[in-house]
Amino acid sequence: MSYRSSVEILTEWDIVAARQLGRNEAKEVGFGTVDQARITTAISELARNIYLYAGKGKIEIERISEGGKFGIIIIASDEGPGIPDVRKVMEDGFSTSGGLGAGMPGVKRLMDDFKIETVLGEGTVIKATKWIR
Amino acid sequence: MPQEIGRQYKEILRQYVMRQTEQNLYAGQNFSRQLIQKNIAPEDVISIHKVALEEMYPELPMNVWHSFDLLIEMMIRYGLAHAEHQSLIQQQEEMKVEMDLAANVQKTLLKTTVPELSGLEIGLVSVPARKMNGDYIYFLSDNYHNAGVAVADVIGKGIPAALCMSMIKYGMDSLQDATSDPKKVLDIINRIVEKSVNDDMFISMFYGRYNVENSIFTYASAGHEPALFFDAKKGEFSELHAKGLLLGVVPNVTYVQHEVKMETGDFVVMMTDGVTECRTEDGFIEQEIIAELIHSLHEESAQTIVDSVFKELEKMQNFELRDDFTLVIFKKTS
Amino acid sequence: MPQEIGRQYKEILRQYVMRQTEQNLYAGQNFSRQLIQKNIAPEDVISIHKVALEEMYPELPMNVWHSFDLLIEMMIRYGLAHAEHQSLIQQQEEMKVEMDLAANVQKTLLKTTVPELSGLEIGLVSVPARKMNGDYIYFLSDNYHNAGVAVADVIGKGIPAALCMSMIKYGMDSLQDATSDPKKVLDIINRIVEKSVNDDMFISMFYGRYNVENSIFTYASAGHEPALFFDAKKGEFSELHAKGLLLGVVPNVTYVQHEVKMETGDFVVMMTDGVTECRTEDGFIEQEIIAELIHSLHEESAQTIVDSVFKELEKMQNFELRDDFTLVIFKKTS
Amino acid sequence: MSYRSSVEILTEWDIVAARQLGRNEAKEVGFGTVDQARITTAISELARNIYLYAGKGKIEIERISEGGKFGIIIIASDEGPGIPDVRKVMEDGFSTSGGLGAGMPGVKRLMDDFKIETVLGEGTVIKATKWIR
């Protein structure tokens, strides 16, 4: 099984802890400075979402490799209310993001692959993957 | 550039240069969020950085400062793209408001009432891929013996399709008779479409009529997706084939109609190609999967079937509809 | 990041640090153009800069390199906004194609033929502020005695307005009679609009009919901009007032019609509020200026007058139309 | 009368000369480094347009002041074919600019005020003004 580490998100400080974990992992896996910053930003967004909308949850980081390629998966999970309209959340809400490129579309852009699973009343699991180029 | 920003950034930079912690980087990124919101261009950020660094380390060689001047020059076009983005966002917002309004106008213009006949259940779901729907459903009924439904799809999506749809509506309005034969309906609409639509616009239409007295479903098609017939006794699907030219190609077409006798529990599934051409990353969702899905739901009400099928297919496609999605079921309940 | 880019940038940087010439800055900016086209994010530019500087001056203190790491962190969100911009541009492009197509569909749907009657010159200009026109012109004519024109304006612009217009067209199509009285025309259209349009959509319409036999221009208005009447003998304008409720407010309205006798050289100017509410940075363009402008052109052909007025007002507004602009002139030539 | 200097645009090298003139003037008037670079970029675009579409023309720089404010006007003039549809040229052609924010809308954004006068067959005069903030 692949190496996995995690941070519980309860307070805003945990966002920083999750970022730290993600940056360290990204560095060790071999990502360059800019990609480390991108992965960290994606974690920031996901952790912030948990903190704001689900109250609590966790960020896990998994190192992955496949056919000589190395990468990282961020898994953000919570037992919050779930997302009623996924299509809407994945739409670029340009005006709501105010050009910050934030939210789920932002995470999708920062990473290579993005999957979302959500059940109303049960929670949400988001998996975002990035490979070293 | 307000001096306050420079002062704040210098403090963040001082902290970070002293201790390279995640918390200081987090502070930096949160600050950059504010800068974007305050419309500070990226070249300004470089300039702020340069000034802060100059104040902290005035002894650095001239070359370093020259290098920053080049970096500012490099950023100017990024800044322009950024400014362009701001105005594009505003346009996008206006467009969104306009499209919402247009979708509303379309809904009012194209509204149709689902007939209520005893012995017949009707289920309908029609979801546009974007704001405006290029699929069109129109019901005709005498509220007693006959229920007719037109399921149409403009080849194309969005606004141009929506404009075309408004034309079909006026054609259908002029019919006002639920007993009209399907072939005759297609005939009339074809003539209207041919007359007023661009040569490069085509519309496919399926027209079906159910008569509760003799339980016969009569149908004709103008180049439309075949309907599915579910035989409850056999527990099997068959396709309701019907040949016919798309609407608007030539002025005079004689459409042919067919009929099928329905027993209790049988139902007809009419749809647009947005249903049959659902696709995931791995390719099209196979027809059989859709048929199996409907099969597994066949004891449910007509509306439950269509709703469940939509939800399932939406999920399979990762919540990205590539085409307008319309599904209508006529189910004989007694 | 291809190494080639780093190598090229390092060369530009080396040149510039050596000699701070405009030519080197120009080279830098042209290079930044290429980077944007290659989808290089702004944070990547900082990183490229840092790497080049490190190679050139490895002896610089650690603090300088740390400072660049913070700068990269600061740029990440600018990079996100930049990436968002790229996809927004693509959406915008798709939207543009769609709007062009829609505008074309609209043109075909709403096409109308300018009547040709001896003794009457008709000039028409109708320019949408955006792609889709929310102003609508429809001519009715028996090509012998009577020429009728409907000038309508949906309160609102763009796509929702365009959808509404399609409805008016079907209403007008059902008339098919150029001898109909203006008040009756408004009556009929009002009923159609009231029935099928959202409560928050209103349409103003002016209907005028000219009879070449008796030289009488008869008109009625549903809350529309008054027309101007030019008396050639006196060289004076007067307003053709007509009261009447906007279309679509209540189902039954009785409109009143008025008439005016025309002499050779006289003309009637019908318009939408896009003409009268032209505005520059300094405020509205005064009515008098428009009247004077038309006056100065009164000996020209009807088409020359409307074209010239449009060009002049477009220029006064710095080429930014705030509303759809429609101007129709009926001029008695003999 | 205010101080005015100019550069003829005939070859691509004249674009650099016009930029140089603009940057020097902007510096002397008192613009900061970033604004100097913006003014220079605007001149680049205008000079490039002359070079590409009119063949020849000139860029003039005028220093201006008004009520204690100081600024600069760039005047780009040519005797080229003129612009048939000004509305179109002033529209953001996002896709044609490829996100470069180039063209006339780009110049308008870089400067504070922008005026265009054009006559078919006679030529075009563009005046773009920027004030020190």
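A, B, C and D label the chains in the order they appear, each numbered from 1.
Basically, a contact is a pair of C-beta atoms (placed from the backbone, for glycine too) under 8 Å apart; a residue touches a chain by one contact, two chains touch by 3 or more.
Just so it is clear, the model here is predicted, and its values are computed rather than measured.
Q: Which chains are shared contacts of chain A and chain B?
A: Both-contact set = C.
Q: How many angstrom between the C-alpha centroids of chain D and chain A?
A: 45
Q: I'd like the Å distance between the centres of chain B and chain C, where a centre is the mean of that chain's Cα atoms.
A: Whole-Å distance between the two chain centres: 27.
Q: Residue numbers in chain C touching 2 or more other chains?
A: If we look for residues of chain C contacting two or more partner chains, we find 25, 29, 33, 36, 69, 73, 76-77, 81-82, 84-85, 88-89, 91-92.
Q: Which residues does chain D have that touch at least 2 chains other than itself?
A: 37, 41, 94, 99-100
Q: Could you run through all the chain pairs that touch each other?
A: Touching chain pairs, listed by label, are A-B, A-C, B-C, B-D, C-D.
Q: Within their complex, state which residues of chain C touch chain A.
A: Residue positions touching the partner: 41, 43-44, 47, 69, 72-73, 76-77, 79-81, 83-84, 87-88, 91.
Q: Please give the residue numbers of chain B that touch chain A in the complex, ascending.
A: Interface residues on the chain B side: 22-23, 25-26, 29, 33, 36-37, 82, 85-86, 88-90, 92-93, 96, 314, 319-321.
Q: Give every residue of chain A touching chain B within the complex, in rising order.
A: For chain A paired with chain B, touching residues are 15-17, 19-20, 23, 37, 40-41, 44, 86-87, 90, 94-95, 98-100.
Q: Hey, which residues of chain B end up touching chain C in the complex?
A: Listed in rising order, the residues are 12-13, 16-17, 20, 24-25, 28-29, 31-33, 35-36, 42, 45-46, 49, 53, 56-57, 60-61, 63-64, 66-67, 69-71, 73-78, 81-82, 84-85, 88-89, 91-92, 95, 98-99, 101-102, 104-106, 108-109, 132, 156-160, 162-164, 166-167, 170, 196-198, 201.
Q: Spell out the residues on chain D that touch chain B in their complex, using ranges where they run on.
A: It comes out as residues 32-34, 37-38, 41, 92, 94, 97, 99-102, 105-106, 109-110.
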